[in-house]
Amino acid sequence: MLAFILRRVMQSVVVLFVMSLIVFSMINLVGDPVDMLVNPESLPEEIDRVRRDFGLDQPAYVQYWKFLTGALAGDLGNSFIFGRPALALMVERFPATLELATSALIIAITVGLPLGIYAGLRPNGWGTRIIMGGSVLGISVPTFWLGLMMIIVFSVILGWLPVSGRGETAVFLGIESSLFTLDGLKHLILPATNLALFKIAMVIRLTRAGTEEVMAQDYIKFARAKGLSSKRIVRAHLLPNILIPIITVLGIEFGTLIAFATVTESIFAWPGLGKLVIDAIVNLDRPIVVAYLLFVVALFLVLNLVVDIIYAVLDPRVRLQGEGG
Amino acid sequence: MSNLKAISALRLRNEGIFKTMQAVLSKPTTLISGFLLILIVASAIFAPLIAPTNPYDLSTVSIMDGRLAPGEEMFDGTIAWLGTDGAGRDVLSSILYGLRTSLTVAISSALIALAIGLSVGLTSAFYGGRIDAFLMRVVDIQLSFPAILVALVLLALLGKGIDKVIIALAIVQWALYARTVRAAAMVERRKEYFEAATCLELSNARIIWKHLLPNSVSSLIVLATLQTAHSISIEATLSFLGVGVPITEPSLGSLISNGFDYILSGAYWITFFPGIMLLATVAAINIFGDQLRAIINPRLSK
Amino acid sequence: MNQLKLLSIQGLRTEFPTPDGPLAAVSGVDLEVTRGDVLGIVGESGSGKTVLGLSIMGLVDRPGRVTAGRIAFGGTEITNYSEAQWQGLRGNRIAMIFQDPTTSLNPVQRIGVQMIEAIQAHRDVSTDAARQIVREAMVRVGINSPDERLEAYPHQFSGGMRQRVVIATALLNEPDLIIADEPTTALDVTVQAQILRDMRRLCRDTGMALIWVSHDLGVVAQIAHRVAVMYAGRIVEQGATEVMLKSPSHPYTAGLMASMPANAPRGQRLVSIPGGLPQLSNLPKGCSFAPRCAHATTACDVLPELSPTSPDHAVRCVSPLQERS
Amino acid sequence: MPQVIELKSVCRSFGKKPDLADRIATAFGAKSTAKLLRAVDGVDLAIEQGEVLGLVGESGCGKSTLGRLVAGILPHDSGDVLFNGKPMVDKTSQKIGKGLGVQMIFQNPAAALDPRQRILDAITEAPIAHGLIQRSQARSFAIEALDRVGLREDALDRYPHQFSGGQRQRICIARALAVNPEVVVCDESVASLDVSIQAQIINLFLDLRDSLNLSYLFISHDISVVEHVSDRIAVMYLGQIVEIARASDLLENPLHPYTQALLSEVPTLDQTLSEEHALEGELPSPLSPPSGCRFHPRCPIAMEECRSLAPRLESQGSGHRVSCLAIRKEI
Amino acid sequence: SAQDLKVALAAEPTSMDPHYQNLTINNSMATQVYDALVLQDVNQKLVPGLAQSWKPVNDTTWEFKLRSGVTFHNGAAFTAEDVVATMQRAANVPNSPSSFATFIKGKSFEIVDDLTLRISTEKPYPFTPNDMSRVAIIDSAFVNATTEDFNTGAASFGTGPLTLSKWLPGDVIELARNDGYWGAIAEWDNVIVRVIGDGTTRSAALIAGDVDFIERVGPADLPNLESREGISVFKSVSNRLLYITLHLTDDQIRPFVTDHEGNNIASPFQDIRVRKAVSLAINRKAIADRVMDGLSKPAGQFSPEGYIGYSVNLKPDEYDPDRAKELLAEAGFADGFKLTVHGPAGRYSNDTRILEAIAQMLSRIGIDTTVETMPASVFFKRFARGGPDKTPEFTVAMSGYANGSGEPSHPLRIFIHTKQKERGYGPGNRNGYSNAKVDGLIESGRASMDITIGEKLFIEATEIAMQEYALVPIHHEIATWAARDGIAYKHGALDSTFIHNIRSK
């Protein structure tokens, strides 16, 4: 186990290194942040000063080296635009994104799982057709479109829910979250549902496929031969088996949820990482972009590791040492 | 029960393409979605012949025709059955041309991604060991870049253009194919015919391309259909974020996102009709892909 | 005599709808099993042995179903039982053991849980009491130190032990009848021998009846009192083991036995039955074995009845072998 | 008789060598998890020309692995695998360069043919690739090859799924024979077939041996089948050969207690099942084989020294060799 | 009435440090909390701020009389000391991406007494008051405060009408009323500012009643908001100009203009007739009506009407495609040519749509036009120096400009004057326009301490440059705000939002 974690950590370090290299060079190719930052009315010496201040006058490899040494010391550089440490900016915004992604995940599971199981158990029923049809829509419709539609329907026309932003937050068990206030929840519903829609569809499909597959297994037939009730079969035999792949996939998908939040956040003006990053890309705020991507990759790596560990916990057959090559 | 699976798998194979076709034709859902798909593809291909105007030809588009409601008449006398957009393009024509762009983008990016993914996945599965570990880490890296961000950065880097969107989407998607094909190839690799090929000392290239490839590819075909549908929607999102196709050659996605600015002003048709078309297209592809999967693999085992 | 009749099947027919019309996996099967009886069923792969077992259990895979005939168990007709009634019967009075020990147990549940649930599905006993019953059952099939084993997961057991767990599970509620569907095919000869011994002893000790499905004549010879031979969904020959195996009357049974390597001189060519099992959805009109039969005549164009040749022996053949010889 | 195949203390392990992470972890006191599984452990074996060598043993004892080593599909870790006196594996590159002299026939005829390859291609692919025949000759060549295994020309343009199990196994055999091998490894080649089809295939093997003077390594756990076809039989237990002898010798006079147990449990029509368990206990894990004689925990006649002393395969005269301390003592 | 006001802005300040970045949104937010010596009214006219009056005392010195009795939010009294300290800090904020040094460098500050300050320059410089309107005055106690101190509120004590209560970046800015303000006291107890980037969402938030006031209504949403009960809309022509530049020199191969076969040709725009043809081909009114939904005003020069530097003689060109075709023919391009026009995407209101409309219009006079837009980050790099040797890359590009200082020479110095990097002239001159007479007019205007004389010279320079199509103005954007009924907004030429100008009716 220790060796497994170690191996993963070592691999992750390499991955992070390569990533930083790629991101760094990519951003450097795109444009010159100075063009975006400096007022066109500025004098040339002002432009030169900015370039110097940000170290942009140095060759790319020197800049990268500086970044690397800084990063090893836990400093990912200061945002060009905000003049604050990129890491601090992300830490500041992360809770909002995390809250959004977590809520979306919870919605996806609580809605998707039962529907998926239902569809898997009655492959030819009408309910199944409706569920599967709905899930096709969930996959097909672009998130932004649905998001805007939801705003128009639920906020503008019906006036039930607020249009945008994060509501009040409250601290509970040391966690500050808008989940703990009514206002916060109201603000959360639309964006979280919007973000969840795609995942709901995915969970439904995964669950249905899993259910169909598991229900065809001998151990289900054997369980029936034991005279168990359908409820018991679903609870004790079907669920634990389909949960394993679903949790695995969702664990990894959680990362994309955070990444995909970008679109939802920009529609709902959710004060999370996504908005920060879109702006940073548009403005070539390299430290933020690099920090964000490294952060996302690190998150993925951690999630992958956690998923593998959960997998091992859930599935007694898996022995971690065989993993990772 | 394992023999039952074998039996049903056998049944499918036994009857080959002819029976598959028959299966396709006998299910109404498949039939309808297949028909719809053909219709959509055909109207994309023949857009220049069907469309009342050429929305990409700027000298024929005039903002004076902007935002006409469905059924109104444009300056040159053509009736805009589905209205016009803000720039004065006939929405119906734009949809047809946009469909063309969207499908081109989705299909070509899927094909490119498929080609890369296949090569990487097969190589990885075949050689195993360090090569596999290395390639799969590359795949991990690629997968951990959120698709939207990769596309954003790439398009910022490459500039706009349909070709650029295709490249961006291909880069975003290849890793998924690589991973899927590797998984399938790993299964095939453990089958005895693979060992038999080794025993017959066939060359690696031959084993990979003649044996591993054809046998690993079927799960990919389904994935590719679903992914094609998904990339139409990603392309739309990119357009929404302002990095999609050029504004003068709109895709379905950019039509929708452009039209969205008008939604509060009541000019619903600019976003609504392309939206319906997008939905129909993506849904048709998805349903068809699903049916295809059901037909290829009746019991959904594995 | 009559009250000893535990299971009685008449004219059983089980069909699966296929694109080419209904496929009768089992057709016109008559069987009787008394208490303490061990009935062996042999036949080529695909001849309908498993489906017959599943039909008795009411576990035929949808869309397949029993379309004709009646099954009576302990004097009660069970053919049209509801799912709830079946649940009361299965695992309680009739138990079934499946072919593949590796797939009959749910890989993610502890052995103990899977066994205890089989008891609690039928009896209102505390978990501790159930655990005690399970322990005894484990010891009975030769698994020592059951307490540890109950906490284990299936993958921690060898194939032989897993199959013994499955057998122990089937025994938990002391059923009147056990249907064992090729339970030793996947096992080694040594393990197979152990299981055969276990089962034989159990039948003798408890008066339980056993239906043992196999395509290995040697195995059946060692355990069964009576043997039924199936071909293409029908019973073609039936009788006491010694009689049947010493002097088979049906050409198919004879062919099977002649093909066994042990029945030919070493290094010499073996006898084999030409051709293969006919397509079940498209059976020949008369005797389904006729196309492969060396003795077939035009008389075989009519389906022969399963008719007794002696009190202990019946055969479905126009011209059984003994009469010719 | 010349020996076409010769194995000299051949070993093959599976598993992963400890990498950096493992070593660091062990340095920090974690239990070492990387374990080697010695599937084949010091096997000496020879197959003579035209001979059928049967190989029996419990599931998981390493029969298939040994078969693969002989067929050159797997490289071995140590020892020598000689084909006609020449080593089969280039030790430095681990590349197998055996030529086509040894071919293998697999257990599962459904999986042993590429489902997407026509029979014609399946049979002629290798001969063409190796320049044994011209592409233009392919068809007639394939017809001939099929004829040898009793199939007709109409099979050529069909796909594997259109054949029954027995036919498929014949096609596999035709494919293997198409490259003119001298040795054929049959790994449970009849196990998945019904008795009557099994009989057909066994007949085919016997015919081919007679007509082509092929040598076989015939792997099975069905002793009655092995008994029927083999000249000599080797018995394997946990990666090692414990007894090897002429077939009749072995069957009539099994020396090793494991062989004895195995033979006594074979179900036959006439013998009734004895009440006694021939063997106690389960096959131990090959990851941690018992010390000394690997069979000692289950052996009815185990002695004290069997715990620590590993027996060697020793001759008992007339080619009957057995690896057992108790037997050696008796002599 | 004392209550809370909820405002949605389109963008967020990058910092609460008023000296961190010279950025429109930062500056307008700073005016809520801080005052400068001189203030600009909504039409960029200079009005007394912390200085009650100012006048030149000689050719190189200005004297400012400071307002008495003003205190900072923390209670400290405002004196000349604070001004000097401010200037010292503002010119030297570390890591500033765009600093205020431009307004401070080359000036020396001399405290005459607590309420009198003299600012001298080396050469005559008439725009010192303009410059002083750009720098927010802070308490001298915080001269060494860091940007972070301002962001957290530890140092953010100004003299302005509102005080900063809290800033959660990306989420909300909360301001409260400064009851001790020297000018008109704000009406709201608290102002809660949210940032909603998407225009449609912003409008939706107002309609749904989530917020009371929004800025930058999307043109397409405007009719809807205008027609809605309970919502009022405010509009005013802003000084933000959208223009296109046409490359005038032929110093390099330009792939973006070719003949119909795709061969490179010399820039046709060297010929003034072609430039004029382009201008005449653009139907500015149609763009204003159709693309901008009435939210733009056709422009013929930098300043909108009523602004300093506005020339009454310059009218936007009337749409005249026939004349445009004639001019093209006269210039030898009767068959037109092929052209790619470039522009940023999402930087200006409807930018890509405008460019597309322009391309339509150029196509109609025979210039076969393709549009290429890109994210602003890419556009500006290529626009400034994407070509060989870091020269500007595009042949025809659309961009925007807004005069932040209200100083009339500014656009001339940046865009019109011949490029002279060292002297700070022509940094935005990307098409190579050069006219010695215009250069002379600009330079002498900037040396005259009498701004009325200066303005005349600038107007003359503007007229010459515009008649020569140094660039082709398209329109001035019309800035919009919308609010629920009962709220009024005092608006003017600036498109940024000044929260203290939001009042109840």
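Labels A, B, C, D and E are assigned to the chains in the order they are written; within every chain, residues are numbered from 1.
To be clear about the criterion, a residue touches a chain if its C-beta (ideal position, glycine included) is under 8 Å from a C-beta of that chain, and two chains touch if they have at least 3 such contacts.
Because the structure is predicted, anything quoted here is derived from the model rather than measured.
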item	value
Those chains which touch chain E and also touch chain A	B
Most remote chain, CA-based centroid, reference being chain C	E
Inter-centroid spacing, chain E versus chain D (mean Cα positions, whole Å)	85
Mean-CA-position distance for chain C and chain A (Å)	53
For chain B paired with chain E, centre-to-centre distance based on mean C-alpha positions, whole Å	44
Multi-chain contact sites of chain E, meaning residues that touch two or more partners	200, 204, 207, 346, 375, 377-378
Numbers and ranges of chain B residues touching at least 2 other chains	1, 156-157, 260, 263-264
Multi-partner residues of chain C (each touching 2 or more other chains)	45, 98-100, 103
Residue ranges of chain B touching chain E (in the complex, touch as defined)	58-59, 61-64, 66-67, 86-88, 155-157, 159-161, 242-243, 246-248, 258, 260-267
Contact set on chain C toward chain A in their complex	57, 59, 83, 86-92, 95-96, 98-100, 103-109, 113-114, 117-118, 121-122, 153, 155-156, 166, 169
Chain C contact footprint on chain A (complex, rising order)	217-219, 221-230, 232, 236-237, 240-241, 244, 314-317
Complex interface listing, chain D residues touching chain A	19-22, 24-26, 28, 30, 33-34
Residue ranges of chain B in contact with chain D within the complex	6, 10, 13-14, 16, 191-193, 195-203, 206, 210-211, 214-215
